[in-house]
Each structure stands twice: as C-alpha cells, then as structure tokens.
C-alpha cells in the first residue's frame, strides 16, 4: 500500500466531511461525502447527487473522481469516504477508481462521528478486476 | 426563455472549450466539454470521463452539473456544450438537468470551430418529462 | 407515426401492467411496468429493478428493451409504459430507445387504473437527439 | 460456496455462449454473454447492449440479472460470464449481484474458446460491500 502522510489523510477525511453537507440525497436519505487526492497534489471533494429517476443519480466518490479527472489529472492517489455508518463504495465507484488508480491506492472509510475508520487498498475492494487492458486483447 | 447576458454566454462557451481539452475519451474518441452557470453566479466546467466498462463513464454535462450541485448549489441557470459537431446532450444528461433547472433554462450547443451555435430550452429538449413531482403522487 | 394495430396496443399495455407486478422498487416505491414490440413480432416486458446503490438500478423501459435486443432484435417498433400516474420515461430510457428505434416509434403512456392514455413519438420526446451518427462525423 | 451441479454449470456456460452471439457492442468491440440461474430454477441469458452515449449502455451480466428479477425472482443462485479473454464482471455488475445474491453465490468466468474457466464467490469479488442493510441504519 502506498504510504499516505498523516496530514493528507486528515485533509481527505475533513474534506469529505465538509462535502457531505452538500449532499443532495432526498430519495435515499443517505448523505455521502468523498475526497480524492489527485496527482496534481490537490484534494477534490464530492457528495452524492441523486435524481428522481434513480439510476441517473451519482455517488459521492464518482463526483469527486470526475472532478479530479476533468481538471486534467489522470491518476488519483487516495480517496476517503464519509457516511453515518462508514459505508463502503458501491461496485460502480470501485470500477471508476480502477480506471484511474493503481491497485494499492488507499481507500479510507469513516463514519461522520469518527468512531469508525478503516483502510483498504483498491485491490482488496475490487479483486480480479475488469480494466482497460481487457479491451486490448483482441 | 431566461435571458442570458452575452458575457455569460461567452464565458460558458469559452469554459466548455477549455474543459474539452481535459476530456478522457479513449473509447469513443468523441471529446466533449461543458460549462454550467449556477445559482451562486459561478461557472463550473466539465469534460466527459469514460471507462473501460463503458456504462461506468460519465458525460461532460453531468460532470459539470454534479460539480455545481456538490458545491452547494441547488439550481443551474444555463449550460453550454462543445463538441466537434455541435452534438446534443444525451437523454440521461437532460434528465439530470431536469432535477436542477427550470424548463426554460437555456442549453447552448456549439461546435469547437465556432461554425455552429444553437440554443434550446430544457423544455424543448425534454418535453413531457419525468421529475421529482412524479414520485410524490401516491 | 407508424400505425400500431389496436390489438398490438392492447397487448403492449396489458403486458406492461402484468410486469409492473414484478417491479422491485423498495427505494422509490414507484413501480413501473413496460412492454416493447420488437422486429421479431414478439412483445418483451420489463419492470424497474432498483438497487440500494441507487445509480445501479434500472428503469422498466430499459429492462424491456435490453431483453428484446439481447434476444437478437436490433429494432423496436413500439413501447408502452404503465405507472400509477402515467409517468413518462426518463431521459436515459429515451436515449436507449433512440439507439434501436426510428423517431416515429410510438411511445404509449398509461396509468394503472386506465384513466390516462397518451401517445407520443420518440422524436417528440427526444428532439434534437444524440445518436450513433454523431460518433461517425470525424 | 454453494455447490452447483455440473449440469447447471454446463447449462449456464452454454447459455452465456449462446447469448454472446446477440451482443450489441459496436463501440467496444468486446462482446459479452452471461447467464443466471434464478430461484425459479430457470436460466436467464443476457448480452451486453451498448449505446452511442456510452454511459447509457448495459453489461451482459446486468441484462441477464434484470431479466430474472423482472420475471418475479428475487434471488439469483449462480452466474456465468463468457468473453474472449475470461474478463471479469465490472464493479457495477457486482453491485447488482449483491442486491439479489448471497455472498457465497458462484461467479463463473470463462473464455469463448473454453481454455479458461475460473470460479469465485460474489463475496470474493466484492469484499466489504455496500448493500440494502446500509440504508436502514439511521
């Protein structure tokens, strides 16, 4: 696992908590905040943005990652997620991480009240993954 | 249609063009840039961010809208999209606009070379729409 | 608009109503049924299938269309949707119709109690659409 | 892991291979077939159905699962996936499995030429998952 400096970890968690407040989640009532450390050294935050047509909503993790990539980054180095129960990223968010992260990227899961803080690598959360290389093997 | 000041229009188009350069579209080879004017008066840009698992990618319009909403906005006032052929937002992007915009929101479609510039309202692009009110009618 | 024989229309609506009963919609409490007439002359039904990770769910219309296409069809000829309030297909479902239907395909919207029955063409519901041709214009 | 009778396994793989032929994948050129054994004892097949607006496409696994659920099933018991290189389900497909399967459900990955056949449990492919229980913990 890549080592993540303590100040980076604290910044990520604090940013995720801050963005959770901007969550638009009237349908699930499950607000989520996320924050990504990108290769440019900046931290990008996101919140879940739901939709009355439920499949058209987006999770906080993907909002944060898409922000980072659309600013020109092509690599993310760490991600933190905050929910009331330290919920884990859904499979689709793990897939989006897979496109832009190495398998040893740290994924930090925390609860809003700070009582739970866990850390996994992306490879632990998405083993035997599908990725860009699969499409090249004609 | 809401009137959009000329300088706002120019800023939106210029921002969309700028973000198009950050498009991650190795699978479609169809780069898209978008820019949203939000209720806070700021312009948020986005680019399409694709994925080897194609359904997990996201269009430029939704990247830009999700940025605006995750910063605390709950209303978007105008959007511009730039592609090589003045391509239109897909249906899913129109649905996400529907959640956060009035039906008279201007949607500006332009080509990178500036040869095409069209304007529609959201209501023109997504008539007889599904929206938050549908879920309330028990 | 293509003419749709009355018996086809009745079959589509009846099939959509039947599939609505199989809806898995514990998160929205908004059950939807849909039915598609495909080029092979068969009718394919679908219901909305939601997910605790909301963006990973799927609307009834897309479930029905994906069934038809995965059985070998490449064209759909008509679609009916049934909900409690004659709700309309979301933008993403309109986009999936766009890939496999002509713009004059009938889209029939009905309420479960039969009090509302409206009909539109796909072109009316998704004007100035994005489609396969857009990707070819290099 | 649940034991899967050999004839069920063979039926699943054969069905997935059959449906792969119906794949609509002009954008990725990566055809996928899938087959699901549902609680009603029937096998449901699916293929990937792509879209010019790439995020509006759907993977073969989800097409097959949505078929099974929309026919009234609420549980799937096994799934097989066939691609040219024994590619794995994307994260979003794993998430949809999670809604309707136990963590010991077998997921069989095979190559079209039969040279590769691997088996995992869903829990191995989606550890520390997000699921319906997460939304209940207010």
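Here the chain labels run A, B, C and D in written order, and each chain numbers its own residues starting at 1.
We take it that contacts are C-beta pairs under 8 Å (C-beta built on N, C-alpha and C of every residue); 3 or more make two chains touch, one makes a residue touch a chain.
Treat the numbers as computed from the prediction; the structure is a model and nothing was measured.
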Query raised in the report: From chain A, what is the lowest number of touch steps before chain C is reached?
Result: 1
Report summary line: Whole-Å distance, C-alpha centre of chain C to that of chain D, is 23
Report task. Please work out the Cα centroid separation of chain B and chain D, and write it as a whole number of Å. Result -> 33
Query - For chain A, residues contacting two or more additional chains - result: 27-28, 53, 56, 58, 90-92, 95-96, 130, 134-135
Requested in this report: Select the category (line, ring, star, complete, other) that matches the graph of chains linked by touching.
Outcome: complete
Query raised in the report: Across the complex, what residues on chain B touch chain C?
Result: 28-30, 83-85, 87-96, 98, 109, 118, 120, 124-130, 134-135, 137-138
Requested in this report: Could you pull out which chain C residues touch chain D in their complex?
Outcome: 19, 21-22, 24, 26-27, 45-47, 49, 51-53, 56, 58, 60, 62-63, 65-67, 69-72, 74, 92, 95-96, 99, 130-132, 134-135
Query raised in the report: Which residues, counting only chain B, touch chain D once they are in their complex?
Result: 27-28, 50, 53-59, 90-92
